[in-house]
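Heads up, there are several structures right after this.
In what follows, chain A forms one complex with chain B and a second complex with chain C.
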Partner chain A sequence: MPSWIAGVAKGAASIVVTLLGLLAITFFMGRMLPIDPVISIVGEQADKATYDMVYHRLGLDKTLLTQFLLYMRDMLSGEFGEALFTGNKVSVDLARVFPATIELASFAIAIGIGVGVPLGILAAVYRGTALDHIARFVGLLGYSSPTFWLGLMGLIVFYAALGLVAGPGRIDVAYIDMFEPQTGLLLLDAAMQGEWEVFGNVFRHIVLPGSILGYASMAYISRMTRSFMLEQLGQEYIIAARVKGMSRWRVVRRHALRNILVQLVTVIALAYAFLLEGAVLTETVFAWPGFGRYLTSGLLAGDMNAVLACVLIIGLIFVGLNLLADLLYRLLDPRTR
Partner chain B sequence: MSEVLLNVRNLRVTYPGDDGDFRAVRNVSFSLGRERLGIVGESGSGKSTTGRAIMGLVQRPGRIEADELTLFDKQGGKTDLRAMSERGFRALRGQRLAMVLQDPKYSLDPVMRVGDQIAETHRAHLRSSKAEAYKASLDMLNAVHIRDPERVYGMYPHQVSGGMGQRIMIAMMLIAGPDILIADEPTSALDVTVQTQVLAIMDDLVQRRGMGLILISHNLHLVSSFCDRVLVMYAGQVVETCEAGKLHEATHPYTRGLLAALPQLGNRRHELPQLQRDPAWAADL
Partner chain C sequence: MTAAPVPGTMRAWLLAPAPASRMQARFGRWFRAWLGFRRNPLAMSGLIIVLALVLVAIFAPLIADPDAAIHQVLEDRLQESSWAHWFGTDELGRDIYARVVFGSRITLTIVALVSMIVVPVGLGIGLPAGYFGGWIDTVLMRITDIFLAFPRLVLALAFAAALGPGIENAVIAISLTAWPPYARLARAETLTRRQAEFIQAAELQGASHFRIIATQIVPLCLPSVIIRLTLDMAGIILTAAGLGFLGLGAQPPSPEWGAMVSSGRQVLLDQWWVATIPGIAIFVTSLGFNLLGDGLRDVGDARG
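Let's look at the complex of A and B:
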């Protein structure tokens, strides 16, 4: 399968190019923003000697090219410097906030796929019926309501008024010492250690923000599934399968679904990327100690190290998801092999 | 023509449209025995739609109506296709009624191995095991003169040629041994030698198994030399039915026009005569 290998090689090459581009952009962003990195370290009142010392230590007296090469070396080895607003190394902070966001986004995408795909298929198969209209309406609602507004409403109704779910944060303080986080994905950690009480508490925390984020991606996924499905159901090979004497649902499952899988993979990867993006607002509303909130705080504090590292990581995630979708695409569609 | 397999009386297919209903098939009547029945007619005359209506596969919002649409089995039992439920149709399709669709390129699932698509019909109707269906599929591929069936079994539709695709389609539709096969332009993508082979396969089934064959085609020559009887369709109606051998004696002006328009070897004409259509032909008969 030489074309397959070529595809992977092309993917790898595109990752390298994108990475270089990202590094260049973040580097120049760092130089061009009106924030003096020295002053954010030493403070406004520092004397000239201290200022010069830090200036030298940061390598700002070297040529731009040398600076860029040094910057590349640091970034590639995960050496993002210190985050001044937390006092930790950025890499340490990221290792802590990242799993929180991944867990939230994965919970949401599970809802998005689990509800969105079946709903889209039903809407396509029963096109034009009440079911189709309801599915479309539900989707439209998810499309047009801002997630932070839904978040606030959700908190007011389900947390404050009904007390059905837990409030902001990932876990109640009382449960923190009851288990040892290993992966940082608390649901997984709790389940692996058999701490079902902790699991329950974590679940009650994640269910509201996760569902609200999931609703938005469900709306997107079901709409795309419907239109892909409609396109396939109009094809001749669907009629051919019916001529063979297969039931409508069997044709949908064995033929149409397999054909839209290829396109769905791309849509799901995109939806996941949107989720990470959407997490910025949702995390703020729900005080979720994740990546989005970390980035917001870093921006507000003018902390270049933290912000640049975050931008770099977001870029990498997009490239990674794209590459993954591309690989799956090749795997699923015999025509691309 | 011996015993009757299918009886069609006043079949009508209507597609509702924005400016009134479109009557794609108008009062088509014929009966089919263990024979080769040809349907010819120009593009859009309703040939495929007639076939699909018999299969119960006219896409919504199209409507099928008929005064009679009866399928007969070997014991002389009757099945009224008009009253057939979707579930009932499912049991008939593939096993008793089959149809080779017009375009093999689009009629095969692009992401499934062609062999599996053939085996699928076998498994659905004969409740066979995977191994049995595989074996039967290879036999079927052999029967439609495909060389190296093991290799072809594992190919995807984009890897097979047009002619192979058409034969795979035929294998897929014949594997459950239907009583009636509707073949919609089954040889249009084939070169002349393969065309002859494919026709021979179907002819064999008619002769040996007593299958009833409806051959839809544009090709008047082919139909008149291969079939027993020919229906000529124009604008949704059957304008003429005749014995294939006596096609040259046809009386309807449309059929005569078609015959006159055929290019003939050895008879050099500078220009092929164009068919002059008479609006009266489209009027309800």
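Let's look at the complex of A and C:
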């Protein structure tokens, strides 16, 4: 048996264990609630019969293990139970809100890659110069600022004072009926239907939250790019290429950059996962109707069922992106075969 | 290099090329690390910020009026910056300067409590995993990986929501999500030393596993754990502020910075200072810890 099959089998086993662990954590978080779930459904005034009926319907009279198995069945079926604060199945709600988050996160990752990678390369090539220090400091500022506060400051400066961008939300009400939503990604929908006025409005809405979210991932991507690049630039083959008379930038482009691409893909996949986390606070600040705001609305409504389903899904996405990064690494890097 | 130290001074004793005692060697090593650290202006500014924060927290009642931080004066609400209220007042007429000053105590308390929980738990899981290996390692590291699979803020949010709002619960929620990297780190440090000759020597002398871990391995893990902790502090502060912002951290009227930013949202465009000032406090504090941690890491790298 080739070693990579064994590797995949081992990886699959560890994923199954991780998934079980994720389910167990969210299950027990739901059980340690100080609130009685039955009362939160039927209300304080319900009589004993109603209480017992709901108690039975929720499966609370069964053993903990049976409850966990039932919970697993609900979660693995992909419906994730019912969100009490909207009255829908969580899966239905999520299908509605997810495109908004995907659009925001993709906008942000574009900024993160577009600025972060060149900045990291420059910082590595000009190591120790003013440019390197500035890049490092800009990154540190990104690491150190609370994203929710940065969002509020952005609104004060660019929306209220300068009027350069649109305010909270995804799109102005006036534009909503001007086009047919298809993919749920408004920028894409508007562009496909040639509605450039709508596109402009949507862009003015996304540019601020997208940039603020992108700043954090830029800080991460540029720091990682710099350290990967420095590692390559210290290798002997780089010195050999330079000694042969190749120009500095040609060496960077032709040799060093190619060798760090694989590691970069991994970092970008992880950065995307962290964006989903950052979106929770950013969406709350910008009233962005996506996954993050759904989570915080559920939280404020005290709907733990919806919250835990969201947490589980974020965990699943995290595991999935990690797995994807790992697979890409194996696929792209001949040394791992 | 600096000029040779004058003989007989403290500096000469610290920099002695042949220390006469173990204590002298240890202090000398710390002093050399400090000399390296001192040359890094960013790291020094981080240290100054963190020290200033600690001093502000300790002497808070001397530099601000504790009553003004909680006492509501409704006729003074939403005032701009003035001599009476340096940073203005909030929507309930409380002095924002006093609230920011007293908020430093909450932030430092959270950071300190989380550190006191996270390091022992991380070591308690990582050290046995690395030392004993085998199935103990597999089980402990699987548990660690499961917790690492969740993004930290989201998991902390869920724990805080499940436990109910409040500082203690926020501390528990953050700690539950912050320990896994320490377990990983402790395990890695232990693995590199497990086969070392001084460990074998201790084993041959009949020292128990517990004794070897506590007296030989823990001291070697601590420097990297402390550096990691300093770098993590900023993240802990930001998570705590995020929880406060969502209403899951310290409850009103306590002057928690994240909750203060949140209360400023209602008046964001008209009275910008209410949300801006506590945010600056969060930002400067986490920047200070980041700078300090970066500096410590550089010193640590140079030595290792």
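Following the convention adopted for this analysis, the second predicted complex is superposed on the first by the 321 of 337 C-alpha atoms of A that agree within 3 Å, B and C clash if a C-alpha of one lies under 4 Å from a C-alpha of the other, contacts with A are read in each partner's own complex, and residues count from 1 in each chain.
In this text, contacts are C-beta pairs under 8 Å (C-beta built on N, C-alpha and C of every residue); 3 or more make two chains touch, one makes a residue touch a chain.
Everything quoted here is computed from the prediction, not taken from an experiment.
**Q** In the superposed arrangement, which partner chain does A:V307 touch: chain B (first), chain C (second), both, or neither?
**A** second
**Q** If we overlay the two complexes on their shared chain A, which of chain B and chain C does A:M53 touch? Say first, second, both or neither.
**A** Touch partners of A:M53: none, neither chain B nor chain C.
**Q** Mind working out whether A:S247 is in touch with chain B, chain C, both or neither, as first, second, both or neither?
**A** Only chain B is touched by A:S247; chain C is not.
**Q** Could you say whether A:V138 touches chain B, chain C, both of them, or neither, answering first, second, both or neither?
**A** neither
**Q** After lining up the shared chain so the two structures overlap, which partner does A:L299 touch, if you call chain B first and chain C second: first, second, both or neither?
**A** So A:L299 only meets chain C here.
**Q** Answer with first, second, both or neither: which of chain B and chain C does A:L328 touch in the superposed model?
**A** Neither partner.
**Q** Look at A:L257 in the shared chain and tell me whether it touches chain B only, chain C only, both, or neither; answer first, second, both or neither.
**A** neither
**Q** In the three-chain superposition, say which chain, chain B or chain C, touches more residues of chain A.
**A** C
**Q** Touching A:L152, do we find chain B (first), chain C (second), both, or neither?
**A** So A:L152 only meets chain C here.
**Q** So chain A touches chain B in one structure and chain C in the other; where do those two contact lists coincide?
**A** none
**Q** Would you mind writing out the residues of chain A in touch with chain B in their complex?
**A** By the definition above, chain A touches chain B via 235-237, 239-248, 250, 254-255, 258-259, 262, 332-335.
**Q** Write out the stretch or stretches of chain C touching chain A in their complex.
**A** Those in contact with chain A are residues 42, 142-143, 145-147, 149-155, 157-159, 161-164, 234, 238, 241-242, 245-248, 258, 261, 264-265, 268-269, 272, 275-276, 279, 282-283, 286-287, 290-291, 294.
**Q** For chain B, which residues count as touching chain A in their complex?
**A** 52, 55, 57, 59, 86-87, 90-95, 98-99, 101-103, 106-112, 120-121, 124-125, 156, 158, 169, 172-173, 176
**Q** Flag every residue of chain A that touches chain C in the complex, lowest number first.
**A** For this pair, the touching residues of chain A are 14, 17-18, 21-22, 25-26, 29-30, 32-34, 137, 140-141, 143-146, 148-149, 152-153, 155-156, 160, 273-274, 276-277, 280-281, 284-285, 295-296, 299-300, 304, 307-308, 310-311, 314-315, 318-319, 322.
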